[in-house]
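Working notes, beginning with the structure itself.
A, B, C and D label the chains in the order they appear, each numbered from 1.
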Amino acid sequence: MTGQYDDIDLRVRIGPLRLRNPVLTASGTFGYGREFADLVNLHRLGGVVTKGISLAPRPGNPPPRIVETACGMLNAIGLENVGVEEFIRRKMVFLRTAGTRVIVNILGDSVDDYARLAERLTGVEGIDALEVNISCPNVRKGGVAFGTVPEMAAAVTGAVRAATDLPLIVKLSPNVTDIGRMAAVVEEAGADAVSLINTLIGMAIDCRTRRPRLANVIGGLSGPAIKPVALRMVWQVARTVSIPVIGIGGISRAEDALEFLIAGASAIQVGTANFYQPAAAEEIITGIAAFLHEQGEHSVRDIIGSLQVEAG
Amino acid sequence: MTGQYDDIDLRVRIGPLRLRNPVLTASGTFGYGREFADLVNLHRLGGVVTKGISLAPRPGNPPPRIVETACGMLNAIGLENVGVEEFIRRKMVFLRTAGTRVIVNILGDSVDDYARLAERLTGVEGIDALEVNISCPNVRKGGVAFGTVPEMAAAVTGAVRAATDLPLIVKLSPNVTDIGRMAAVVEEAGADAVSLINTLIGMAIDCRTRRPRLANVIGGLSGPAIKPVALRMVWQVARTVSIPVIGIGGISRAEDALEFLIAGASAIQVGTANFYQPAAAEEIITGIAAFLHEQGEHSVRDIIGSLQVEAG
Amino acid sequence: MTKFQEKAQILDRQELAAGIYRLTLHAPLVAGGAHPGQFVMVRTDDSYDPLLRRPFSIHQVSAGGDLQLLFKVVGQGTGCLARLGPGSRVDLLGPLGRGFRLQREDPVCLVGGGMGIAPLYFLGKRLLQHARLPEFDPVLLGAASQQELALLADDFFGLGYDVRTATDDGSLGHHGFVTDLLDQVLPRVSRVYVCGPYPMMRIAAAKCLAAGVECEVSLETHMACGLGACLGCTVQAPDGYAHVCVQGPVFEAGEVAWQ
Amino acid sequence: MTKFQEKAQILDRQELAAGIYRLTLHAPLVAGGAHPGQFVMVRTDDSYDPLLRRPFSIHQVSAGGDLQLLFKVVGQGTGCLARLGPGSRVDLLGPLGRGFRLQREDPVCLVGGGMGIAPLYFLGKRLLQHARLPEFDPVLLGAASQQELALLADDFFGLGYDVRTATDDGSLGHHGFVTDLLDQVLPRVSRVYVCGPYPMMRIAAAKCLAAGVECEVSLETHMACGLGACLGCTVQAPDGYAHVCVQGPVFEAGEVAWQ
């Protein structure tokens, strides 16, 4: 339902997952949905990706956890979450009634953690897909992030694939030399789709105290600042893999979303923008429809990957 | 000379290179120095890094070459430059009289290009150091950037080292999984210092025309947007290598420069800020002196690497 | 407690002292449901620099749907806000967070330092709705100087409270900390509401604890969302972490792990 | 031609038509050395969004060191500039680039479309210093509508020029392209100065070439520095690339590889 643009078809498919429109909210920026219920018509969204869930609850990092940067922010939340059991018992109750797709973002310390989470969540009523956050450190491998080593990324993907028949989205880390390669290995390992980007690793220092501004020293950079990097990676990945790509990174208004769709994303996620503009996701849905209408297009699917690049 | 802060010692050493203060201007953002002569007291600067020079002159990429992004810009200049002979004959005449250190940034298509450039520039009056831009594509290796493959980065560094006794700074690309590793291999190959970061690879699309905003499709992201990433990489590299580190990326005011110095940079370069604030480099020099004065420090060297990170 | 996003028009801007402003906004949705101690997240324009909204306590609301903010310019975001004049619009999210518990009987004490005075005025007005005798409720206000404090103190006088002041430079009232004034009033009150700089709140909390008096404090942390979604606004609590934007900003002093 | 960086105070802001503004700034350093056709790079505040300075032609300068800009709000940067009122300051770099060649004798023609009229007024005034007879110099001005054009046309009437107008909607003067007016005047002039949208300049250049009349055009490209340092402001020239900020913005029509 897009109000005045009812003639426009916004439906997209992410592998086996069908969405009313290509606009999702990104993990960690929309809580468990309920936090925004007063401000956003959740049933208008393509879907909600939950805060990352682990097997056991996690308290997260000590404060300070966030810093504002130029057109962006750093966060070092430390993956605070209620744990999978509490999530299913408490958070899913509301999400099930929200009238939108629910994609559960999962994270672990080991390949086995991911597999067990996928198994536990499979069959839970109201869960439409899993998104696997592979930017987490592998505690068995000295804390190197799963998402920066192709073999480790493939292992996580394969294990989750074996554990679930839910649509499986693997969320890539941008902190790598060759994002196309990472996408290709997770495709090969059974992912139904890839989403990117997660945050870039960054840092900020308080000169006066000569201390890091985050207790965790480093954190993840998000927001409009990273959009050009995200868009480039999405374009690169969309040309490399044949599974659908979900674009994420600094998307704040319809034009941003359209850039990602034209670059080859089949859907997008709105992240940090939910903080400074809770209406962003809804405005983007309307804005995409208005753009298509204005351009004489009938379906959003016709603009996906429509980037015209001069030959040569 | 810092005017009211004459008691403050701003001198730093980058390996064999001695600088009056730690503030340089970054390659490609300050032309060949002369472009700013009306607006900046060049003799106050720690030094000037020239636009990247190749063996033969290069015309650069077709327009459009630049796009503004949130708190940043993308450029795809395509390494336009006058070529090494014209550079020596024409551009060095002015630079020699500018009263500041001159660091020549070099680039090539092959390891041999770099070596020949280094040889040609060695002994030219007024050149104080070379900065090797390894973010360029290696045409012999299918266009993969030298700076993204450790062996290739080491080969370029080794070849330049063998060809010159000038102080040798290797400028690292941030588009890699492990920046510490890249720094370590170029240190091992004979670099006197590393500078970082060069631009992040990014992209922008015009939705209405469905074309890339840059004729070259992708370009380099610079400006305040990238500062958190640059600072993190500088900190990481400074903990990994024992040669001096030069910090670059979004530095626009004294506080930014101080963050990099505290993170472990022995000097910094001002890049994109020269465009929107030509006075930036001079203001940063004064601002660093004012900060040291206020904090009761006498030498800028005492704050380099002074970041206090909680144990654990 | 429904939250709203509302484009609010600025009706008036008053510079109370150098760099200290009181803005009057027309924001009927946010003002309608607001409770003392709650806050709003403010965005001044569509620029991405600064990116995040800024949190401000609700200073007071009127029956007609107006809402006031009291703030000091300390950086870029407050600088932008201070430049807006009547007719401009700002984007508000609110009312947010858990406010003060209204004490219906027994004398209470309000302790405010600097901009921490902002939410206390709303509290002071709302408390009066409960047929209290404000002349038995001490209001202790502190600031850097007479210049910053005088007008704010007058507002509480106007409500009939027993106002006492302290300034860092001695230019008005007690020369020293506002918490110095607490000792003489603690025996007479059953609850103390405190908002101000962290060290001041820590001292007040300790004095209340020692005197066996209930104490509520309003904490500040950096916030990205104000909605409980980013999990960025953490403080240490005795049993783990608390999130200021939803569990606070007002906490019982005992819910805080003072450092 | 020394370049300056100057904090210029806004003396006056006039809204000529919806979204079109004329700003008067006090900028004695920049104004002092300015030549018609040159431009300034403007920064409105310290925010990093928008990041880059915006280029604007110098619309006119006064002997007292005042400088005018004429601009249309088309995006974020021009939007910021339009919000600034008298008393505000903007940061200028200028004068920049290569301006028009002043023709001392023989009739000339000025052709301006939309905001391309901005530099022509400075040119029109400066040409008068050479004891010309402006009534023999046609000035052809085009815009969307009467509303956008009337006041600007009056300015040139005031200087004594032979002003002819064209509008897209026919509300003032010729109903159609301003370049349609060129045919009848070309036989009588020896040089044409053109500033406006690219297609208009291309047509004008072609007509001048056909008639054997000298033609200068003022090009626009996206610029990061305005100083010849970023190498971003490239256009195709017959023999390679040209950089608009230093080799232009004014070019002989034959120096441009028209597309």
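The criterion applied here is as follows: contacts are C-beta pairs under 8 Å (C-beta built on N, C-alpha and C of every residue); 3 or more make two chains touch, one makes a residue touch a chain.
All values reported here derive from a predicted model rather than from experimental measurement.
Trainee: Touching chain A and chain B alike: which chains?
Mentor: Output, common partners of chain A and chain B: C, D.
Trainee: Would you pick out the chains that touch chain B and also touch chain D?
Mentor: Intersection of chain B and chain D contact lists gives A, C.
Trainee: Farthest chain from chain C, going by the mean of C-alpha atoms per chain?
Mentor: Looking at centroid distances, D is the chain farthest away.
Trainee: If you average the Cα atoms of chain A and of chain D to get two centres, how far apart are those centres in Å?
Mentor: A distance of 47 Å separates the two centres.
Trainee: Rounded to a whole Å, what is the gap between the Cα centroids of chain A and chain C?
Mentor: Spacing between the chain centres: roughly 37 Å.
Trainee: Go ahead and note the Å separation of the Cα centroids belonging to chain C and chain D.
Mentor: Distance between chain centres, rounded to whole Å: 53 Å.
Trainee: Give the residues of chain D touching no fewer than two other chains, as numbers and ranges.
Mentor: 48-49, in rising order.
Trainee: Could you say which residues in chain B touch two or more other chains, in rising order?
Mentor: Touching at least two other chains: 70-72, 223-225.
Trainee: Have a look at which chains touch which and call the overall pattern line, ring, star, complete or other.
Mentor: If you draw each chain as a dot and join those that touch, every dot ends up joined to every other.
Trainee: Using the touch rule from the top, collect the residues of chain B that touch chain C in their complex.
Mentor: My answer: residues 70-71, 224.
Trainee: Within their complex, state which residues of chain A touch chain C.
Mentor: For this pair, the touching residues of chain A are 28-31, 35-36, 38-39, 51, 59-60, 62-68, 70-73, 75, 77, 80, 223-225, 252, 272, 274-279.
Trainee: Write out the stretch or stretches of chain D touching chain C in their complex.
Mentor: It is residues 47-49, 76 of chain D that touch chain C.
Trainee: Can you check the complex and tell me which residues of chain A touch chain B?
Mentor: Counting only chain A, the residues touching chain B are 69-72, 74, 148, 175-178, 200-205, 207-212, 215, 217-218, 221, 223-229, 231-232, 235, 250, 255, 258-259, 262-263, 291, 295, 303, 306-310.
Trainee: Can you list the chain C residues touching chain A in their complex?
Mentor: Touch list, chain C to chain A: 2-5, 43, 48-53, 93, 221-225, 227-236, 240-241.
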